[in-house]
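Next come two complexes built around subunit A: one with subunit B, the other with subunit C.
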Partner chain A sequence: MATLSQTRPVRRPRRVTPGAAKWLPVLLLPVTVGLVLVYFSAVYGLALGFTDWNLISDPAWVGTANFAEILDDERFWTALRNTVEIVAVTVPAKVAIGLGLAILLSRVARLSSFFRLALFFPTSCSVVAVAFLWVYLYDPNGLLNSWLGALGLGTVKWMSPDHALTSVNVMIIWGGVGYVALLFLAGLQSIPAEYYEASRLDGASAWRQFWSITFPLLTPTTFFVVVTGIIAALQTFGEVFILAGPMDSTLTIMSYIYERAFTGFEMGYSAALSAFLILILLTATGAQLWFQRKWVTYER
Partner chain B sequence: MSVELDRRPAAVTSVPPARRGRRTHGRARGWEYAVLVLAVVVILGPFVVAALTSLRTNADYLSSTSVLPTELTFSNYVRVFDEIPMARMILNGLFIAVLGTLGGLVASLVGAFCFAKLRFAGREPLFGVVLFTMLVPSTVTLIPLYTIIRAAGLVDTPWALILPLCTGSAFAVFFLRQHLMSVPHEFYEAAVLDGCSVPGTIFRVYLPLVRGPLAILAILNFLASWNDLLGPLIYLNTPEKMTPTVGLTYFRGQYTTDFPVMLAGSLVVLVPTTIIFLVFNRHIRDGLAISGSLK
Partner chain C sequence: MAITRRALLGAGLGVSALAVLGGCNRSSAESNTSDGEIAGEIRFSIWFGSGDIEMWEDVIAGFAAVHPDVSVKFEPLEYDQYYTKLNTQFASGNAPDVLGMQFQSSIWGPSGLLAPLTEAVSGDIGQVPASLTGYGRAAVDGTEEQFALPWRFVGHSLYGNLTALAEAGIERPDTWSLDDLVAAAKKLTTDDAFGLHVPGVSGETSIASTFGASPVSADGLTATYDAAEMIAHKSFLRDLVHVHKVSPGPDVLSTQQDAFASGQVRMAFAGSWSNPTYREGITAFDWDILPNPGGERPAKNYAGPDHIAVYAKSRNLAAATAFVQYAVFHRDAQTLIAATGAPVLNDYLKDAERIASEAALKPAHYEYFIDEATENGTGWTFVPAFAELERLEADANYAIMSDPGSDIPGILADLNAKVQSALDSTD
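Our next item is the complex of A and B:
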């Protein structure tokens, strides 16, 4: 960058600004503290994973014992299975329903801003407050069952071990779909109308238009939704902290880390669990960045 | 350390997607309206039935399967403030969210200014290191940060939640830097010529020019802090120091739950964020479209 300004013949490069040098360390201090905190935490957290520490006695080095224990830990595998199921169900569902709603939103003129506002509303809400709404809806004697009963359909044990995770997934999709729809709507509105007009002249059906124009040109949005959605879903915590099913049926990796770290105060073991989750997060994100060239279409 | 002005041509970056005129790809038919109305009912329905239930007594709720209350009562809202120190919790939540948001914005703004406008040795590598932290999931700092804050004696004080926010965020630094770079350099020169100090230049000259991006960040950060569950859960213990979001969990009974009170509490917690949402929903949408999450 220095060469850039020096090659400009018109003005001579400015001398050192006397005031700025003095202030620079102060101005950069907060950001630098944040940086050090993140990188130190990464190293320190990994190191903690090799210790046994209950916060009271000194940390004891135990080598790879924690990691070996995790591989034999039935509850870790349950948490991993549940978390993967949340990712596998909620992310595709949010994409499919969100895209469908976005297409409908792009076609309506009247009430359009009301629809958008209403669908987007849960995004601003506290997960805890929203999850309590669903605790109420899913209660065995709650609203959903009384309606099903009134329709003569019998009742569902929404939060039984068999159904709890599905019920949680429904809530997550419900809360996230409006945000995804708005992202897709912005993508749709940036597709030039000429593409549709030209293809219509060539006799393309609406179905063909969707797969040949809409879907390819929306792949950058889809990619963004999928990447951020997977990262968020892998760290699901608040939803299952409130709307918790019996017998670990909704245990996620994050809620398992929370339980071991902050109710059991097993800092070493939970740091090792965190290391596993971070590895999964980085692998998932890296894999998607790698595979995006196979399916994401960027204009120009 | 030698510092001089950066004369790079200003990079023009308009981050929020440009809104083109509304385009309808076809005329919507009746069934399309019907599907959207159904979607709105599904999304807003739980809030409406929760509001109705919060206005009835528990006995009324338990005795009738109808959604409509037989008689209206505000007693549940009174109980929300009587049974837990909800007023105190709301003040705590506002204190943490406002101070944390302000501290984070100031830190990010001055950091972004350095990366956008000042020239110093190691600037590009340092900025790269800042950017890389955007890829680091928040799970990385969860346990190490807890042990640090515990060692510092800050557990069960609001500072445990405020101070970590005051280091700014990589996303905010990146976002503000983009906008600061598009501000012509003559602003800085004029301010310095007039004898304005560097902080004075940042806060009096540049801050007003990036009001829009700052507003987006402020709203997102406030929502994230107010809605945060894990932080207060880990760091705060005493009910008088708790935030309202976590305070709600006190209403969940071990065996039975008084739903009308619990729902009244939930709706109280939703009031501030709903006001912000109704006023600033465009900011929220534009900000989330870039950052990807509220965290």
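Our next item is the complex of A and C:
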């Protein structure tokens, strides 16, 4: 009687020829160097979190004091709250607007290349350049207030503590939505047209087609966009470094880490903050990987 | 000819090895020629403001004429980036041979990061006012060492739009009070422009001093934001915005233009480093320095020196020291440097001919700036926790100025506690 293992194709080990084997050390060298640099830096950074180091004198061991200080640090909680708001606003907005734009783009026959290029252009620009552009837009005498003035409306203090984070969120959405739209467009184009034809024959409405065909088959793309979007949003730095609001209104975890490290020169404390951020990133990503089984549909 | 993979790999490794060896060779390039003259390459890094890069390039060219065997690699940086990069360079042991700083030598010198210059400059140090050289000195094992030297002297003044003053029927006063200042600001305020702008922190020095207010004690160890004098001073500034309506509140002025040069404000406290920009950029109106208004106490000017020092691990200490000496003590260098502030040499600082030539370029009352900065100058925020102090006070100012009913004593008490914590934690 044949067993299950006998029915599987036998995987034969790939043999390395003697000629190729001598190149292995050379080929493995860059990989090894890369891995050592990455993991050494990570472990070294974590170890720094247990020290008091100002970059100049030698690091002094302080145990878990830095980690304990974080819990009582009012500014850390402000930074965390702001960062969570950026995640909660920009990720869903980029998904919703990006999907809408992708659907529109998929129906545009003429000038589609132009529209794709126009949408992707902000993503290809550096964050710093984009942020400086928005500094001019949000200036008290800037373009946005000029337009409002021309319409007879009052001016807005875009970068006041009440509005600054919303202003930053708008900029982040503007800068990232094109990339998301192109990912969704690629996902839309991979859905077989037969599915839509068959559903049309069954009398399905466009709305029904969207919820029963388009959206489920786009869930792998949505999952990718959400995971990478959350990771990027949790690491927001360049945008708020250039477009900083007063009174910590746009302070994020990354900008706080930078400030403590390179303005206060408290490398130990900022390393401890970095460890916290990694923990948050791992938890967020792990939770998404766990829950994706419940909502992501992979076509078989 | 066919190129084998082995030959290609060998060539690649060979090029890499040559590059590494070349780098080693360059990093060890040094110093004295056979006849004892200094030689080699040095790196010089400093932050820059308007006009600074061109000025330093000219100073470096002048140094090269005196020391042709030394090449200076100039690495200017934006102020915001300068100290971040410098500290990481300290950590990696790769700081520039010559470096600029403000007031950090009292920490960096005793920490072993800066080379003592005491012996090298002992013959020349008397050329610089003692009030300016003190910031660069620090004690090591009970012995005072000169770790940094002032290369430029900068300060704040009250700049006035003379054209607007004349149109408002106000003559440039020789002396005036805070009440006179407010009255003039009211006349100058229009729908398009504010009469007076007092930028935060160091820009407030002149007015704060008339109330007897200062952010920290004279020794720089104690925060004094919660003093009655500071509360009176901040209340005066808030009244300028909300009661007299002559000054802009937060988020009103464009951040993309200089408030005074663009005509958004008619009188403003600004730094002497703005002079080159104002000279070139202001064509729509006439301008000058106005006297500091007096109050219960005499006004002081925010003023102090910028410093230059030598990295202790410099591989070319002789050339680096020579460059510092040239920038500080050589008349040609100081002539170039004076365009962005004031020189530091005793005989040149108050030289009548120099002052007349600067005044001819504007501000016409340049001499008033020199007199006030040297005789009534104060650098009370020249403490190691300066960046933290500046951030905390800016936030407190925002809270005070944005609300006509703000709780000034409460905000300042909170600010005082935070600044004291920052002062205490500075090591």
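Note that the second predicted complex is superposed on the first by the 277 of 300 C-alpha atoms of A that agree within 3 Å, B and C clash if a C-alpha of one lies under 4 Å from a C-alpha of the other, contacts with A are read in each partner's own complex, and residues count from 1 in each chain.
To be clear about the criterion, contacts are C-beta pairs under 8 Å (C-beta built on N, C-alpha and C of every residue); 3 or more make two chains touch, one makes a residue touch a chain.
From a predicted model like this one, the values you see are computed outputs, not experimental measurements.
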Exercise. Could you say whether A:143 touches subunit B, subunit C, both of them, or neither, answering first, second, both or neither?
Key: first
Self-check item: Partner with the higher number of touched subunit A residues, subunit C or subunit B
Solution: B
Quiz item: Of the two partner chains, subunit B (first) and subunit C (second), which one does A:246 touch, if any: first, second, both, or neither?
Solution: second
Quiz item: Which partner does A:262 contact after superposing on A: first (subunit B), second (subunit C), both, neither?
Solution: both
Quiz item: Just subunit B (first), just subunit C (second), both, or neither: which does A:96 touch?
Solution: neither
Quiz item: Just subunit B (first), just subunit C (second), both, or neither: which does A:133 touch?
Solution: first
Quiz item: Where does A:153 make contact in the superposed view: on subunit B (first), on subunit C (second), on both, or on neither?
Solution: neither
Quiz item: Given the touch rule stated above, what does A:68 touch, subunit B (first), subunit C (second), both, or neither?
Solution: neither
Practice problem: Report for A:161: first if it touches subunit B alone, second if subunit C alone, otherwise both or neither. | Solution: second
Quiz item: Where does A:55 make contact in the superposed view: on subunit B (first), on subunit C (second), on both, or on neither?
Solution: both
Exercise. Name the residues of subunit A shared by its contacts with subunit B and its contacts with subunit C.
Key: 55, 135-136, 139, 141-142, 262
Practice problem: Would you pull the subunit B residues touching subunit A in the complex into a rising list? | Solution: 1-8, 17, 19-20, 22-28, 32-33, 35-36, 39-40, 42-44, 46-47, 49-50, 53, 62, 65, 67, 103, 106-108, 110-111, 113-114, 118-120, 124, 126, 129-130, 133, 135-148, 150, 164, 166-170, 173, 192, 197-199, 202, 223, 226-227, 229-230, 233-234, 245-246, 248-249, 251-252, 257, 259, 262-263, 265-267, 269-270, 273-274, 276-278, 281, 284-285, 288-289, 292-294
Quiz item: Residues of subunit C touching subunit A in their complex?
Solution: 9, 83-84, 87-88, 90-91, 108, 111, 113, 250-256, 387-388, 391, 394-395, 398-399, 402, 427
Self-check item: Residue numbers on subunit A that touch subunit B, as the complex places them
Solution: 1-2, 4-5, 8, 11, 13-17, 19-25, 27-28, 30-31, 33-35, 37-42, 44-45, 48, 55, 101, 103-109, 111-112, 114-115, 117-130, 132-137, 139, 141-143, 146, 149-150, 174, 177-179, 182-183, 186, 188-190, 193, 196, 224, 227-228, 231-232, 235, 237-238, 241-242, 254, 257-258, 261-262, 267, 270-271, 274, 277-278, 281-282, 285
Quiz prompt | Touching residues (chain side subunit A, partner subunit C) in the complex | solution = 26, 54-57, 135-136, 139-142, 157, 159-161, 246-248, 262-265
